[in-house]
Amino acid sequence: MLKALIVGASGYAGAQLAFYLSKHPHIEIAGLTVSEKSADAGKLLSDFELHPQLKGLVDLPLLPMADYTAIIQDIDIVFLATEHSVSHDIAPYFLEQGCIVFDLSGAFRVNSLGFYTEFYGFNHQHQTWLDKAVYGLAEWNDKLIKHAQLIAVPGCYPTAAQLPLKPLIAEGLLDDTQWPVINAVSGVSGAGRKASLKNHFCEVSLHAYGLFSHRHQPEIATHLGQEVIFTPHLGSFKQGIHATITCRVKDGVTTDDILAALNKYYAHKPLVRVYQQGWPALKSVVGLPYCDIGFALKDRHLILISVEDNLLKGAAAQAVQCMNIRFGFDETTSLI
Amino acid sequence: MLKALIVGASGYAGAQLAFYLSKHPHIEIAGLTVSEKSADAGKLLSDFELHPQLKGLVDLPLLPMADYTAIIQDIDIVFLATEHSVSHDIAPYFLEQGCIVFDLSGAFRVNSLGFYTEFYGFNHQHQTWLDKAVYGLAEWNDKLIKHAQLIAVPGCYPTAAQLPLKPLIAEGLLDDTQWPVINAVSGVSGAGRKASLKNHFCEVSLHAYGLFSHRHQPEIATHLGQEVIFTPHLGSFKQGIHATITCRVKDGVTTDDILAALNKYYAHKPLVRVYQQGWPALKSVVGLPYCDIGFALKDRHLILISVEDNLLKGAAAQAVQCMNIRFGFDETTSLI
Amino acid sequence: MLKALIVGASGYAGAQLAFYLSKHPHIEIAGLTVSEKSADAGKLLSDFELHPQLKGLVDLPLLPMADYTAIIQDIDIVFLATEHSVSHDIAPYFLEQGCIVFDLSGAFRVNSLGFYTEFYGFNHQHQTWLDKAVYGLAEWNDKLIKHAQLIAVPGCYPTAAQLPLKPLIAEGLLDDTQWPVINAVSGVSGAGRKASLKNHFCEVSLHAYGLFSHRHQPEIATHLGQEVIFTPHLGSFKQGIHATITCRVKDGVTTDDILAALNKYYAHKPLVRVYQQGWPALKSVVGLPYCDIGFALKDRHLILISVEDNLLKGAAAQAVQCMNIRFGFDETTSLI
Amino acid sequence: MLKALIVGASGYAGAQLAFYLSKHPHIEIAGLTVSEKSADAGKLLSDFELHPQLKGLVDLPLLPMADYTAIIQDIDIVFLATEHSVSHDIAPYFLEQGCIVFDLSGAFRVNSLGFYTEFYGFNHQHQTWLDKAVYGLAEWNDKLIKHAQLIAVPGCYPTAAQLPLKPLIAEGLLDDTQWPVINAVSGVSGAGRKASLKNHFCEVSLHAYGLFSHRHQPEIATHLGQEVIFTPHLGSFKQGIHATITCRVKDGVTTDDILAALNKYYAHKPLVRVYQQGWPALKSVVGLPYCDIGFALKDRHLILISVEDNLLKGAAAQAVQCMNIRFGFDETTSLI
């Protein structure tokens, strides 16, 4: 049994990680931590005011990190479900202890110091770890993940955006002179579990935000190797991301070419489901670890549809998938 | 034209009041105030981050109360859409200036000093105004409202609970040895526009709260003259209250008796709609100023169903209705 | 008082029309009709199983058309809130009687017989009326509407799509070699009040549909004079449309140019609201007759956001707006 | 491996059963059936228009029952997720073949022929099987379930209503002269997957229905041995039941007595979770197989709160739980 620590376990992704790990046959949860200032410190994760759905499943206490420093050398795996700047600050400590770190924040996703200054508002101090970090887009980087110490689990939008596009780019089917237009709608959980007027029940309604300025745009462009126009939206639902990607294919590309490209990369991948017919709806993936992909082609216009649960394939499930790959377990262990 | 000031205009009830008053042929909005510390001070009520639905309808600024003190003698009417303790503190000032005050908070609803200490957490200082305040349950207290200077607009739950029960009590149809069981479900707007984890979009789901301890229970019991068991619930919708009231009638009471009692008091009241058949659903009243009432009787068991929009008949619309009654306008002016 | 008949009054748009007309100072509702086979025939529109929200507001019966044939010569105005093929079949009858007809269906929106065969599945028989029909995009065709006998009220998506684009095209700001990408999400009411698995509460979740094949694409392209890529989506909400339009401007076009174009055409139009700052959210317009427009420009990429209530500015409100224009009433009479 | 057939697999409970059984280590799905007239016959359960969430998980075809008659002697277990009258008609056939039958309909829940005539609208023909049927309230009837051939899985409301009340009745804590008042709100999935205006997305809003006439009232009363007042409501959510039960305890009963009674019966039951503090919310159980119970006592007034997922503990999960008990598997196998 490998021992895993979840840092930032009281948030939505953290609680979901705890749920997955609690069912995992090869993992033992060594601890769940919250910030020392958190009002949740000392409570059970399954407290009736926290995550009561986990009652009987993960009745472990949320404790400050200090409670675990004495046993840090016994911990094999650390999941960071923390704010970007917190991950940035604490990841090196765990890495230096020899832990394998899965960071769900954006702190190690793009190997560019300027990127953090511009989009995350802090100066990145750990170029060495940026160089070593592997981007955990599981279906594409599994070979690197197997040997990585620091896995930067992709953002929710970037996962939904890249999975449908990468096979087409890899196969040279896209007309890369025209930037793909990515419109995506995320559930409210994407903004985290912190109270704010923006996620007040009565204030939420479908709307676009972060036009031309969302930090996931450069993350997508970097790992895709292709500029894109990315417009995020908030939808009035709890979980899920629906992405509609309009792009242009090269002259002569057919529906069969698209389908062949998607199948080439995903037919044997258990957590990406390609639709031969129809287009996926959000409900197909809510609560499940999949990314579902469909498309339609007319002349040289291609529309790709992808859906995922932002907290699962877009966060916790992909983190566990990366862990499974890293340690040689079956890729879907504890996920389905 | 009468001049009206809305204190606490940035909340849900306050904004709705502003909308109603902006359409009222006999009212001019003299000002909209917010707390001096509010980040909204200086913005338009219709600002895109506040109440953009009012753009073009109520493009007035939110200003601290201090901006209006110089003109207070010109103001005829004050609506207090403020926290209970704030209403308590400031109502006397306006009253002493001769304004007619419609208070949407609970600060003057029950003439009992102990009630405020126990249920609202402050010691009430204004017994004189408590004595003079008229409880603004519009269909029942219109004669008193016509001559009142301080109208305490009822709470949302108490309106939905009392309107169906009062005719039956007035006609002596209820077996008063058995307490009516009032289960009511409110939309999230009932908790106000302040960010908190309780109204986080992802945290809201149907649940009971305040069992045996909600402040609306004694308000209902006081004005009904009948003890009740009141259990409030939060529902996953923005606006509306649905109340299910289970009670016991006296031996021999028939369906016709119930219907006759409801019609006796409401057939000529424009904002209470009695169903001869079927039961009202929440959608019947959302966005509208009505309270709809239906019922079913079996043996001596009576179930009353009432629905209203908590922000309208349960707050802003009833306040305007009281104002219309107070000044002799048609009761529904600007409401439908 | 002008006498108006609403054909197909039991649907969502029809009921909304009845509500608006009931408040209109210059209109008398002459009748509400439903199909002779309808189970609703004989019921009140405000029946508790139909539109109980209208109880006390529009307590008129739904009757078969045959009940009105004797008085058809007294009817001035007919609203057709009917299926496309039904509008096609019956509009000429009313037109020949001299009625002014506002058709909310798609039967007379595009002057091309082939369009109906391909996208609506029937062969259009009334070329003469197609030639005479005026497309009721109110802000753009008011001069024509004033003298029209047959007004084809635009579809919900086409209204949301065209209003932001038309000023830019009119001012020559768009790079028309690149087709605008229109992604729009509609509430479920857009599919009408007929029970089907597609609008079953538990089946609805955000998803794209009608890729490259929705009938509103050619309607948009025709009246815009510009090809577009239009992708409709169903969202899990009752009312509203949110459109995100990604397009390319000509070299040198600035934010001020865009704003100036929008203001040139809409600053004096009461039902289109242009945002100088921020982007509109769906909640800004639900229940209201507006179309709200915002935008962002970066380099030559322009994103336009428009929102409207699909049943109001996208259907019933625009129909009433057209009627107000046609008869010289204030454009917003009974709407706000 | 035991072979199981699911009859009526295309509905919500049927699809959920298929999901649970697909993960069960001791069960092999022998077949999924739908009515011969069903348009779904021949499709995969995971078809994109049916239950696409099951793609890759249960890619089995839906076939008419006739396809399985040749292998019926090889089938060990039959789940009936069918209409009440269909279960009534076909259950004896499977029972006579020696199958163990878990019926999710109401056809065998109450041993009274008159009950079916009055509440289900058909004359029950199988008194013998009614006599042999065991009511599958798993926490209470496990000893009988172990030896039963026909298990009548309880209704969703009856499960939520009985689980909190039975311990108090068993311990003699309730004042049985006063009928418990059970108000419950169910998600829309409770009405099944058939399109109707009642479950149209735009028609659903919180409302009471079936006052004094719902078939679950006599089911509850029969198995509780206590008359009750039961008022069902439809809520605007997909899955879940929230029940609020107001009752009267005997003189002298304390909070500790209530808690002790609940713990006595449930402390060792894995699928009932008793709250020592706070009250459960719907979100605690949606997607999970639990029934959560909380309460509050004041004087002799007791309010019990229970929540469950109507499709899981209220249907499919309890059916699998019964199967696990019947065959000696761990009670929660494949459920958590």
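In order of appearance the chains are A, B, C and D, and numbering begins at 1 in each one.
Definition applied: a contact is a pair of C-beta atoms (placed from the backbone, for glycine too) under 8 Å apart; a residue touches a chain by one contact, two chains touch by 3 or more.
The chain list, named the UniProt way, goes like this: A, B, C, D = N-acetyl-gamma-glutamyl-phosphate reductase.
None of these values were measured; they are calculated from a predicted model.
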Write down the chain pair with more C-beta contact pairs when A-C is set against A-B.
-> A-C
Farthest chain relative to chain A (centres taken as mean CA coordinates) = B
Would you kindly tell me how far, in whole Å, the mean C-alpha position of chain C lies from that of chain B?
-> 36
In whole angstrom, what separates the CA-based centres of chain A and chain C?
-> 40
Could you state the distance in Å from the CA-based centre of chain A to that of chain B?
-> 45
Of all the residues in chain D, which ones touch at least 2 other chains?
-> 203, 236, 279-281, 283, 286
Note which residues of chain A are touching chain B in the complex, please.
-> 12, 187-189, 193, 195-197, 199-204, 236, 238-239
Which residues, counting only chain B, touch chain C once they are in their complex?
-> 48-49, 52-53, 55-57, 270, 273, 275, 277-281, 283-288, 290, 292, 336
Given the complex, residues on chain D that touch chain B span 178-179, 181, 183, 185, 203, 205-209, 211-212, 229, 231, 233, 235-237, 240, 242, 244, 246, 279-283, 286, 296, 298, 301, 303, 305, 307
